[in-house]
Amino acid sequence: MWRALATHGNGSAQLLSTIEELAAALATEKTTVWIDFHQPSPDEVRLLADTFALDPLSVEDCVADQHHPKIDEFDHYLYLVVHGVQAGTLRGELETVELDVVLTKNALATYRHDEMRSVAEVWRRATSRDGFLGRGPAQTLQAILAAQADHYIDEVESLEDETEQLEVELFADRPSKGFERRVFDQKRDIAHLRQILGSQRELLHRLGRGDCHMIPARLRMPFRDVYDHLYRATEMLDTLRELTMALIETHLSLVANRTNQVMRVLTTVATFILPLSLITSWYGMNFRGLAGLGIAHPDLYVLASFAIVAVLMAFFLRRRGWL
Amino acid sequence: MWRALATHGNGSAQLLSTIEELAAALATEKTTVWIDFHQPSPDEVRLLADTFALDPLSVEDCVADQHHPKIDEFDHYLYLVVHGVQAGTLRGELETVELDVVLTKNALATYRHDEMRSVAEVWRRATSRDGFLGRGPAQTLQAILAAQADHYIDEVESLEDETEQLEVELFADRPSKGFERRVFDQKRDIAHLRQILGSQRELLHRLGRGDCHMIPARLRMPFRDVYDHLYRATEMLDTLRELTMALIETHLSLVANRTNQVMRVLTTVATFILPLSLITSWYGMNFRGLAGLGIAHPDLYVLASFAIVAVLMAFFLRRRGWL
Amino acid sequence: MWRALATHGNGSAQLLSTIEELAAALATEKTTVWIDFHQPSPDEVRLLADTFALDPLSVEDCVADQHHPKIDEFDHYLYLVVHGVQAGTLRGELETVELDVVLTKNALATYRHDEMRSVAEVWRRATSRDGFLGRGPAQTLQAILAAQADHYIDEVESLEDETEQLEVELFADRPSKGFERRVFDQKRDIAHLRQILGSQRELLHRLGRGDCHMIPARLRMPFRDVYDHLYRATEMLDTLRELTMALIETHLSLVANRTNQVMRVLTTVATFILPLSLITSWYGMNFRGLAGLGIAHPDLYVLASFAIVAVLMAFFLRRRGWL
Amino acid sequence: MWRALATHGNGSAQLLSTIEELAAALATEKTTVWIDFHQPSPDEVRLLADTFALDPLSVEDCVADQHHPKIDEFDHYLYLVVHGVQAGTLRGELETVELDVVLTKNALATYRHDEMRSVAEVWRRATSRDGFLGRGPAQTLQAILAAQADHYIDEVESLEDETEQLEVELFADRPSKGFERRVFDQKRDIAHLRQILGSQRELLHRLGRGDCHMIPARLRMPFRDVYDHLYRATEMLDTLRELTMALIETHLSLVANRTNQVMRVLTTVATFILPLSLITSWYGMNFRGLAGLGIAHPDLYVLASFAIVAVLMAFFLRRRGWL
Amino acid sequence: MWRALATHGNGSAQLLSTIEELAAALATEKTTVWIDFHQPSPDEVRLLADTFALDPLSVEDCVADQHHPKIDEFDHYLYLVVHGVQAGTLRGELETVELDVVLTKNALATYRHDEMRSVAEVWRRATSRDGFLGRGPAQTLQAILAAQADHYIDEVESLEDETEQLEVELFADRPSKGFERRVFDQKRDIAHLRQILGSQRELLHRLGRGDCHMIPARLRMPFRDVYDHLYRATEMLDTLRELTMALIETHLSLVANRTNQVMRVLTTVATFILPLSLITSWYGMNFRGLAGLGIAHPDLYVLASFAIVAVLMAFFLRRRGWL
């Protein structure tokens, strides 16, 4: 499936519906064209390759799944692979969506296998705002990348909120069930996001530095702005990574502390009761000649020995600082 | 809300109260102007944008919350986002306050949403000391950044003091309640402060290196001095980060040690008492033909077997190095 | 054992069977030759050294096991050592296979001690596709390296799958036997693969940068493409390394949690039963004068004291948040 | 308090006692002067500032405590802040002493608030050896920095010895009391020393690289030599840091191991004795109709059941690999 | 003690026995001399210093113990400090041997306090192979450094073997005694070796890069080859460091797991036996009016209650997933 927009100068964008219209628009001077492929058929892939005279390498990269952002500069076009974060995934299963971009002097081709929020947003702007597309294909690309960066920031901020939630739970009296699992899922998403953002940031760095002749000089600052957003996102992720690690370590420390307190209770109970049981057990022996079985108030006598043992034990435990 | 100061040459600073006075002051040669916006209304934002002919990107950055220090150089002004540490926050909830700065040849505009100690301090100096503002807008900016850096150092030093306090508590006989929570809060603030200081330091590095044509060459050394302060703060934070990690690890080691000692007490008590209980329990059996029930001094007999068992157990425990 | 292919221009590749044929092919202009040595005899090593006038250092490197990728540029040839991942090894025993390469203007010599999937694949393509070899020895080398990189990616992806499998098992109710061992084996293979890939990536970086005069400029992009694949593989490995470390830490945390629960059960049981046993044991004493032995319904009386003790204990345990 | 030495050419050094003598010496050509300030009064600070026409920034840096080594180059002097390790501090409380240095073509001014071993040593050499001071102020500075570096190496070596001592104690049968505290103190001093040495090393790197026009070219090698010493010290510290971390981890492992063995003893004792107690307790029941109470040799009968239970338990424990 | 070899052109090497012969050889054009000092007397040190007109700094470095590889280039000689690994040290006590080298256009001086395998091997080659020494002093130096690098590789490989041995023991049913100690010793040696190799590698990098005018251009590749070996050794060490850390962590995890299983056994035994004991203890009470003491088959009655309790407990434990 493909759809295309064309605009002449600063006018409003026209939807192109046939290949002939597309070819005509591309051939017209001062016309900016944006063609967007979504799950294209082999015929459409050939259309893309022929229209922009793509290198076989770029075609192959478009068709294959590329999990790694990349930038290839050719004489007559710039080829980019970027990734956006997939909307609505569960924590621990963060996925990215690949977007292939071909940028020429007067045209932008976007190519993707999945729905992509940033493309949808910018397409809406391009169709509704006069003159938006007319500012050139590079600026349209910048708008897409900026929308993507905003979604990354949103994702990082939701990771930040969840980390704070986990902190609250960590110190709650009753740790919630599945705490470790949620921390682990958090850690996994942070690691995956950090990996993809690191490469994407590098790519934006090159676009903003003015390395690519398809990016006009006046757009360097806006591209650098996207770079700044991604930079901020990676720094936040690094801080989150550190805090998540601290969550795991502190959790271990807290569990060890609780086990220690459980052990103290057990030891205190056993240390008091076992010696007392030995005393009662002593007088439970069936020896006929056992001393003292005939004394007047055996209860008081045994209670007195209980008290002596208990005082000794309490003294002993207090010396260890437990009571 | 806005307020402005102007000075001609080395004279005392005059408070400007109307937009007309401001425009006049900016238009006069050799006059230095400082205009400070605090939670500005949309009208005031437009005033700022128009007065300094700001790029839309800068205006957007001013209005939005920017959690990341940045520097954008335009032909006729320098745009900065810096952050100061918010005063009086609780440990574990460290926050920063954003300050947007526009610097031109003869004017300084500061823009913030919150109260800011460094701006307040330098404003006081600018109104009370003749000739302070007259040294130029870049030097006024340097004074604000230097005050900010001092507050950062203060914050880092209070983190240092708290770390020492935590160390004392770590090795105290009775660890204070909530120790882990305080270490974690410490760790979080260190991580957040490290993130913001890292970027701010980089920004000061660029200002002190002489990259920006709005900073006169004679001010490079003072800006480098601020950089040196931030550098020192980040190095102290790195050391604190390492020590906080060591706090957690050592705490875990200490808890494990204490659990070990608790277990030894329990095991020692059980190892002595349980076998003795078995002996008394033996003679508590109701078998009519049980041997020995009629002996003369059963107490001595049983105590003797107690002694034998206790000696055997003591020997066994001593061999393991416990007694 | 050696085998060789030669092609003139874009024709199909001819198998050369004698040394004379080989010498003739190498001497003919516009002929591309690929000679592949497998576990060569000393005579064959001499053939290689003489045919390409190799430096003694290169010959020594070929014969010896080189565990480290390297690149040596000489005036008339380029010498490479690269490594492929050995197929079919068990997890925890990942091995690499060394491939020595000599590249000249019109010939490619490959030299290996073991079977190598990438060489076999490209050899098949060279013999079956007309014109494949005719594109030059550098392009043939690129095809081998690309095949190798694909196998690396496969290996990393199978590590990724296994890590996900380990994650599932980590949070399963009954951790599978040998979990720690499998995590450790995983960690070892990741570390080994990361070491070899780091060096190999560096090597490809140099080939793609255009440092080597044996690599024609038009092949820089394909070599950079192999570099991109290896780069992606190392980034994935770094993420896996982090997740594997998190697996170990989370596992420790989970075990500590389980031990804590086991201890609670034990302590709860002991705290309830031991005091009750003390009561029954008390009335088991054989004192003739023990109070209460003659009361009407001793069962109810003892059960009542049981209830009092149990309520006290339950109250005590509930205050600690256990019940 | 100040004191000064002056020498003309290669002669012996003369102690200067008045400000006039100092001024005269500084004004004489080919005279080298060293003036050393110790806890100077405000008047003396003014003397320093005036004599060397110091920038206000340098004066402020002298007076304030600077915890961070720094280097500021001015047209007519070089300003340095360096730190030496304070002698005789306890482990865990390592402190540094600040030394401010002003270096001109023919004079060296040193400024400090505390006693400093390196200054005292070089002063002794300067007064006792003819021609020492005459080699120029830069060489005198190099001698001070070299002495400081030696003291750093001494400190690092004593940290190395203590780490070895801690290793011995770690594996001793009875871990010494306060082991964790000592490891933590060690870790703290290593972190502090690493922080200060990192900056100082950077400073020496700049002095040895020939960046500073006050350092003659022939002295680059000696300054590089000091740099080499500091480099070695930091590398040793990095190794120590790693080993100290390993100390904590191994300690935790050892404690866990010991707890495991304690638990086995407890479990083994309980597993053997508790079932036997159940048997004796069974025959302690007062049922009139309990089977077997009248058998001939109850001792043998019960001992036999003891043996059966013990064998079963031993079999069970052996299967778990404990006995 | 010193010994020297000299060769004229490509002839065999002659042993020089007097200082006069040495001076004569050094003065002859096209003669290559190698002089090797072993634990030299002060007179011999002076001989070295005078013969090569050494800088006092180099003499001092020779005499003192230098634990850090270094390279100093002078106009007429190159001064190196390198280290070899000492043969035959126990694990955990790895030591290095220092070798000082002076390299001039036609002479090589080696200086050491201890026996050194690499020097001995190359000396043997120089005396037995004609023409070996004649290839020049730089090539002789390269041979020594290559031999040293081989010994480093050997050491790293033996560390690799021992790590594999430790892995096997880690997962063995009965962990060998002293496991932690051996891991720690391993870790220490890896850290020490990594420290020394890091610096030595840097040194070889400079020799191979062609920075030093005493190294002829044709020898750059052989020196780079030594660098490659050291590079490989450090990469292997980094992998080993990671695996050793994983050993400690996995060990802790395994111990925690075993403690968990021990606790389960204890808890299971106590949870079954303690309630049963309470029942027998109940009927052991001496109350005259205790219900049920007169029933017909008390054994069956009590066994039935045993069964009920055991079933309840088994149900409870099974619900927790333990049985």
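Here the chain labels run A, B, C, D and E in written order, and each chain numbers its own residues starting at 1.
The criterion applied here is as follows: a contact is a pair of C-beta atoms (placed from the backbone, for glycine too) under 8 Å apart; a residue touches a chain by one contact, two chains touch by 3 or more.
Remember, predicted model here, so these are calculated numbers, not experimental data.
The rotation relating subunit A to subunit D, fitted on Cα atoms, comes to 145°, given as a multiple of 5. Mean C-alpha positions place subunit B and subunit C at a centre distance of 39 Å. The geometric centre of subunit A is 24 Å away from that of subunit C, both derived from CA atoms. Touching of two or more other chains is recorded for residues 249, 252, 256, 259, 263, 266, 270, 274, 277, 281, 284-286, 290 of subunit E. All chains join into a single ring; listed from subunit A onward through subunit C, they run A, C, E, D, B.
Within the complex, the subunit C residues that touch subunit A are 167, 170-171, 221-222, 224-225, 228, 231-232, 235-236, 238-239, 242-243, 246, 249-250, 252-254, 256-257, 259-260, 263-264, 266-267, 270-271, 274-275, 277-278, 281-282, 284-291, 320-322. Interface of subunit C with subunit E (complex): residues 55, 57, 67-68, 70, 72, 173-174, 180-181, 183-184, 187-188, 191-192, 194-195, 198-199, 248-249, 251-252, 255-256, 258-259, 261-263, 265-266, 269-270, 273-274, 276-277, 280-281, 283-286, 290, 292-299, 302.
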